[in-house]
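I have placed the structure first, in the form of structure tokens, so that the comments after it can refer back to it.
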Amino acid sequence: MKYDYVIIGNSAGGIGCAEAIREVDRESSLAIISAEKYRTYSRALIPYYLDGRIDEEKMYYRPEDFYEKIDAEAHLGVKVERVNVDSKEVELESGEKLGFNKLLIATGGKPFIPPMEGLKNQKNAFTFLSFDDVLRVKEACENSDKVVVLGGGIIGLMVAEVLSRKGLEVKVVELLERVLAPVVDETVSRIVQRKFEENGVEMILGDTISKVSGEEEIQSVTLRSGRKIETDMLVIAVGVIPNVDVVKGTSIKINRGIVVNRKMETSAKDIYACGDCAEVYDSILGSYRVLPLWPIAYSGGRVAGFNMCGVERELIFATAMNAMHFFDYYIITGGLNLRDGERDFEVISEIEGENYRKVVLKDGEILGFIVGGEVRRAGILMKLMREKLNVSSFKESLVKSSFGFLDIPKEFRWELLGDKVKIGVVREV
Amino acid sequence: MRYSIGGFRDLFLEGVRSVKELKHRVVLEGEVAEVDAKGLSHKELNDLTRYAVIQGAKKVIMKNVFGQRYIGTRLYFPNPKKKIEIEIHGFPGNDLGAFLDGHKVIVYGNAQDGVGNTMDDGEIIVHGRAGDVVAMSMRGGRILIRDDVGYRTAIHMKEYKEKVPVLVIGGTAQDFFGEYMAGGRVILLGLNLGNKPHRARYIGTGMHGGIMYIRGKVEQWQLGKEVGMVDMDEGDWKLLEKHITDFSNEFGFNADEILGGKFLKLKPVTKRPYGKIYAY
Amino acid sequence: MMRRVVAKPEVCVGCHLCEIWCVVAHSTSKDVIKAFLYERDGNHPRITVEENLPETLAINCRHCDEPECMASCISGAIYKDEEGRVLHNPEKCVKCYSCVMSCPYGAIVISENGDIFKCDLCKDLEYPYCVRFCPNDALELVEDSEKGVLG
Amino acid sequence: MLEGEIHSHLLPDFIIERREDRCIRCRVCERQCGFNVHWYDEETDSMKEDEMKCVGCQRCVVMCPTKALIVKPYPGDYRANANWTKERILDLKKQAETGGVLLTGTGNDKPFRIYWDHIVLNASQVTNPSIDPLREPMELRTFLGRKPDKLEIEFNGDLDDVEIKTELSPNVMIETPIVFSAMSYGAISYQAFKALAMAANEYGTLFNTGEGGLPRELRKYGKNAIVQCASGRFGVDPEYLNCAAVIEIKIGQGAKPGIGGHLPGEKVTEPISITRMIPEGTDALSPAPQHDIYSIEDLSMLIYALKEATDYEKPVCVKIAAVHNAAAIASGMVRAGADIIALDGLRGGTGAAPKIIRDNVGIPIEMALASVDQRLREEGIRNKASILVAGGFRCSADIVKAIALGADAVYIGTAALVAMGCTLCQKCHTGICNWGICTQDPNLAKRLNPEIAKKRLVNLLRAWSLEIKEMLGGMGINAIESLRGNREHLRGVGLEDWELEVLGIKGAGE
Amino acid sequence: MRRRVVLPDKDHHACGLFGVMDRSGKRFSGEMVVKAMKNMRVRGNGLGAGFAAYGIYPEYKDYYALHVMYQDWDEEAKREVDRFLDLNFDVVHTEEIPVNLEARVSDPPLFWRYFVAPSKKGDEKKLSDDDYVVKKVMEINTGIKNAYVISSGKDMGVFKGVGFPEEIAEYFMLESEYKGYIWVAHSRFPTNTPGWWGGAHPFCILDWTVVHNGEISSYGTNKRYLEMYGYYCTLLTDTEVMAYAVDLLMRKQGLPIEIVSKIFASPMWDHIDIMDEKKKKFYTTLRMVYAPLLINGPWTIIVARHGEMFGITDRIRLRPITSGEKGDILFISSEESAIRAVSPELDSVFTPMGGEPVIGRLKKEEKKIEEKVSEVIEGA
């Protein structure tokens, strides 16, 4: 079997790619291969599903007839064993081989599980990444009272919030001294921490699990500090690492993730990669890195898709960006998150109650921002950052909650808005 | 009563002769044209001047000028802009250089009323005296008058950004000097007064912009309500030095001697002299 | 066919009537009094008039060729229909605000209840109300015959 | 009480009724009121108003999406007194509180007799046919400028090949005898000014820059511009004069004969300052007289100065306020070389004038026009100049009557403003205009979209021109020149002998 | 149709003025003044010009020379005037004023001149000759239709009409027929009254002549004041009041022009307020008493009588004046160029302040008058 396009991966990156291909090329054959048996769903939605805010149907990212509509052959529940670069084939678990003209690898990430003593496949130890994971957690939590969540990152906290709201006694264990440390600053970390604590979640910081006890089921965990916590469940949500299994041992270059250029091409001809499995160029930091983020996966897939069918595109903008919320406290971040104590940057911030805005500038350009609480129109900051505009002349206004285009000097403003506004209708220049 | 009506008589244009009939009065040599203005009406003289410039003259010398008006006015050449020099021998009439568009006019004789009326740019130099409303609504350029001027000199003179008109008067002026002045620099030297004070009254009445420099004696009661005396600063002296030096070179005075005199600097006390008399 | 509402800030009078009529357009009754006095159901204007007097500027969804909001939408709630409109399906929305994060115009609105609203070009009406009722022609519905970047 | 302040005894001019069952608290009224009348009270979730500030401009009423507002005159009054009317008492109190000259905007609102309303037009019946203006040609084209008494024509044997030997004075052609009168950029907003320029351009008529200059980017409308050279000489440079169709020397204005003008410094914003060529924030003072014109021969001096400055290529117009000796003055103006004379009557508009002047000085335009036309004819110089009349023209019939009395064309000012949005609230002098017309506040000025305003103006010109054609057709006339000075088509109703005599028309039935 | 003629009650006009005087008393022809006026052609509009000349009738210098204008060549009016003069005067000589019919003027009326001596009767014997003549002139001007006495002094005459100055001069042949030691001329630009021959300047009463440029805004006030003293303005022009005011103040009340100028063009109150007490009192009193003769508005006049010519403007000098001297000759003009056109080289040229007169007097009388002036001022 040979296809013009083969996509390994059925999530944001893969779908982005498939949709882009079909915008340009409706004729060629296209196959999407996914190790999971589900039709395309949103991994990012699993906390919402766990919460019960959405049902299974809404987990699906695209309508039921999606593959039909885009005329793609979906190979679901099919695991790819390896990519054969030279023969331009993908080898399936079943041994079947699918040929391709162009290939996208969008295999995503897999959970990172830190080493801890006594951890094996206990029934009540969970990761939290896939549909299967959430189904298991959901089932387990029905009969549990206590849970320990390892990891004070976004996923860890989202799980913790949901479980806490479900009435479980939740303890979050985070290795660092504050939660969300990679994505937000101390101020927001503390606000979030307080939110959890107010809602009865115990936040154990600067500590980690060194040992789990229990055979079939985990009975308790022991922290590095020596504290022992009895628990009914352990959710490990420390992070994801790129899933690069299918290209291991091939000529395709891998660093932490699959190395791609800005056209999302790997080191092998006609083979592209995107999403959590790839390392993309962070246009703000100016270096390649893994950015396991939904929008970047989708855009990366899209860029790959265009390139695959001959329309040259580059992923111009990629950097860290997160929209998150904990107990209705919303946070949107973008770009560089200063490490504590870093000083080579200009920081402007304003806090009013729990409403917080902060921008990090260097040479007049925005390198990063954090907005917490009132997050309306935060995308404008993202845009300014993306355009690398020199904002020195209006930097003070960036941290006003009312910040908008009218705070931006005219010479930039109309450029940012492009032909989406008509100027000069009164006075010709 | 039956009126005897003289019909319509065009005071300016009646009997005006065409350029064709008169062009023999223009002698063009290279870029210099000479016109004998004797007996010419103002239209005829200005027609001939324009004709000479279109023929290529860059300098026009007028002889026997007696009262012809608007000399220099009809020289608006936008594309390309031309700069003409006009030398007048005699006594030009009113509105000398009105709406002047950047040309240079030199008068060897006295000028009358309305010198540089609403002049836009250029230079007018009078080797003699001038009449009333000199530099009215002047907007740019420079006027140098060697002797006295009449009433309402520099009335409503204006300025805008880098366009700051300058008027230098060697003698004295009469009443309403700088009335309504809205901008520009006026320098009154009083060179022919000896020790006598200036006689002008209502100096700077309604003034709301610009600066006047007066050399010689002026009493407070001679000033309008809207002006105040202020101290000279370095910038003032620099300005005076520049224009007085030019003035002295033009008319043969000693600049240092003039600059050694006592100068009074007058400025409006407000940009809004009449803001408070109305009820809204 | 690309359609979108274009603002003319120089004649925007800052009356915010576009916002009012946007709510009316998305009300059940389509009646201004009823919409505001009897139907207050969390409806929210999808157009935002920025104010920094004397300047005012109505910002509305641009229905981008390649909408960033759609790219970042984790639930598939934001989609582009056949006519090029970028639409939002509240049924699917989980209020993650990724769209708010990525819309470069700040044109995705969050209501008082935290719901997401965005311009749908009054798809159920003859003409967008904001344009129709702008008292000063400061909004204009433009239709580019030119398709997106990709033809 | 603050120091120096006086507790006011004034009454509100207007009362505001808010129909609560319709108010949706959208706060449009609040945002649209430049006088800060409306405000939202969060505590009671309701809109409130300060009626003392209301000027009755009706902006809020028009903008209210639910029509929840009614603004009407304040009914409270003092004890009836035919001598001490409410207006007199309130004016007096205001002066007692401020000690200042009362200013007002727009034209005279006093009940002077409007002669147009006492003049009726003729129509053809039996003895000659009326003409159907919808299908047959109807000509309104008008030329403004000096005409020679006769033409010398050279025939070259062939009648198709004739040459005119007479030197003609410059004339300007307009497609309808309606011209926009002088409203300066400064008095009115840029938006309004531009709308007038565009409308004049589109319809083939003229607008008048007033004395505030012509912004550089609008000089492309110069061929439709009457540029003013007024006492302040603002923005007058050689290019300004040369780009124009007509140059107008402004001597006086109907609303304030004999009075200069002050554009207060706060209105001299950057763009105004560029156009007027004076520094920002400086009072733009227009002296009462032109200081180079203290007598009639000085007028001729300036007329010819302007002709000189423009190489005798433009007609020069001289505008005066209609005053007692208008006829004689007009004669002098024509003899001084004016190609067009403009008369502005008692009811002429203004951006700002002392109320006492506006309401008491000058004479009605009807009388001035009739006597000027008559006088110029008696002196045999009527063809030497065109007559433009201004001062309160409200409808096309007024225009037809003016032309029949002897005008060549009319200036409309207030009518044009009303077309654009003006509601005659008479607050022009405050610099606040909720309709964006008479203001330099950028926030208010942008309320007037020049494109919309232009359409409204063009529609007005079109509508009035059509009506003029209808009336002409009814009189059996198909060219406007046959109406000019054709007083046979006018009759007076309810006028006294002396009035008929000055107007030079017969009474109805005569 | 009914017609009613409403006569405008004053003239607005503006003009060119010129006066020249030989202070030694030497007489010269009208050529110079005509040339000067021609130079200022653009100050008029062809609707009026006129001249006054002093010393032109030496053979009849003891008789009042009446120049009478008959509008519309009204024979009846002339018969009436002839009868009136025979009755009230001894008429020693009478003739039509000679004119050049070739001159370009329109509709000239008939002009006659009469050289007369008063023949007073009854109560009128109490009147001085001058007062008698004034009274009779007023009687003709107000009583006889179409007849106007345009000149009534001794050894002088006024010549005026509708046309540009050179045309009027040509009509009356001033360059060839007359020689005088003072010439005053006027070129007119009327607005209010259409040009009519009687409305031209100069205005004359006895040997006082006035030419005027400008408009007298206080005309109504001045006119009604003068009417109380028997002066009636009949010539539809505001200049007339100047002539009568000068006659009243200078001839009848004996005030010198140095004082009269302070009545016509009085100092501003804010300047009077800072004068020393004596002066303040004088000027305050002067303004108080002669308030109705403050001449307001823009004006320049040149006034002449035998032995004296002066020019003066309004107090804020809204109209121009320039004066020049060359030897014994004094020039006063609206424009310097007119003076220069007839005398390019001058000993001096200057412009007086508003309200300050330029005075020329016959040298032989200069001293006498100056003494009188100082007497009056001291006495004030």
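Which chain is which? They are A, B, C, D and E, in the order written, and residues in each are numbered from 1.
In this text, contacts are C-beta pairs under 8 Å (C-beta built on N, C-alpha and C of every residue); 3 or more make two chains touch, one makes a residue touch a chain.
These numbers come from a predicted model, not from an experiment.
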{"item": "Interface with more contacting C-beta pairs, comparing B-D to D-E", "value": "B-D"}
{"item": "Inter-chain centre distance, chain B versus chain C - centres from mean C-alpha coordinates, in Å", "value": "63"}
{"item": "Gap in Å, rounded to a whole number, between the CA centres of chain C and chain A", "value": "27"}
{"item": "Inter-centroid spacing, chain D versus chain C (mean Cα positions, whole Å)", "value": "43"}
{"item": "Geometric centre distance via CA averages, chain D-chain A, whole Å", "value": "67"}
{"item": "Residues within chain C bordering two or more other chains", "value": "8, 10-11, 55-56"}
{"item": "Numbers and ranges of chain E residues touching at least 2 other chains", "value": "42-45, 47, 189, 193-194"}
{"item": "Multi-chain contact sites of chain A, meaning residues that touch two or more partners", "value": "425-427"}
{"item": "All chain pairs that touch each other", "value": "A-C, A-D, B-D, B-E, C-D, D-E"}
{"item": "Residues on chain D engaged by chain B in the complex (per definition of touch)", "value": "94-95, 97-103, 229, 231-233, 236-239, 241-242, 262, 264-265, 273-274, 277-279, 281-283, 285, 287, 291-292, 300-302, 304-306, 308-311, 334-337, 354, 379-381, 384, 429-430"}
{"item": "Chain A residues within the chain C interface of the complex", "value": "16, 23-24, 42, 44-45, 48, 53-54, 58, 60-62, 294-295, 298-299, 302, 311, 321-325, 328, 330, 332, 334, 375-380, 382-383, 386, 404-407, 416-417, 419-427"}
{"item": "Residues of chain C that touch chain D when the two form their complex", "value": "8, 10-17, 20-21, 32-33, 36-37, 53-56, 133, 135-138"}
{"item": "Interface residues, chain D side, partner chain C - complex", "value": "21-22, 24-28, 31-32, 63, 65-66, 191, 436, 441-443, 446-452"}
{"item": "List of chain A residues in touch with chain D within their complex", "value": "425-429"}
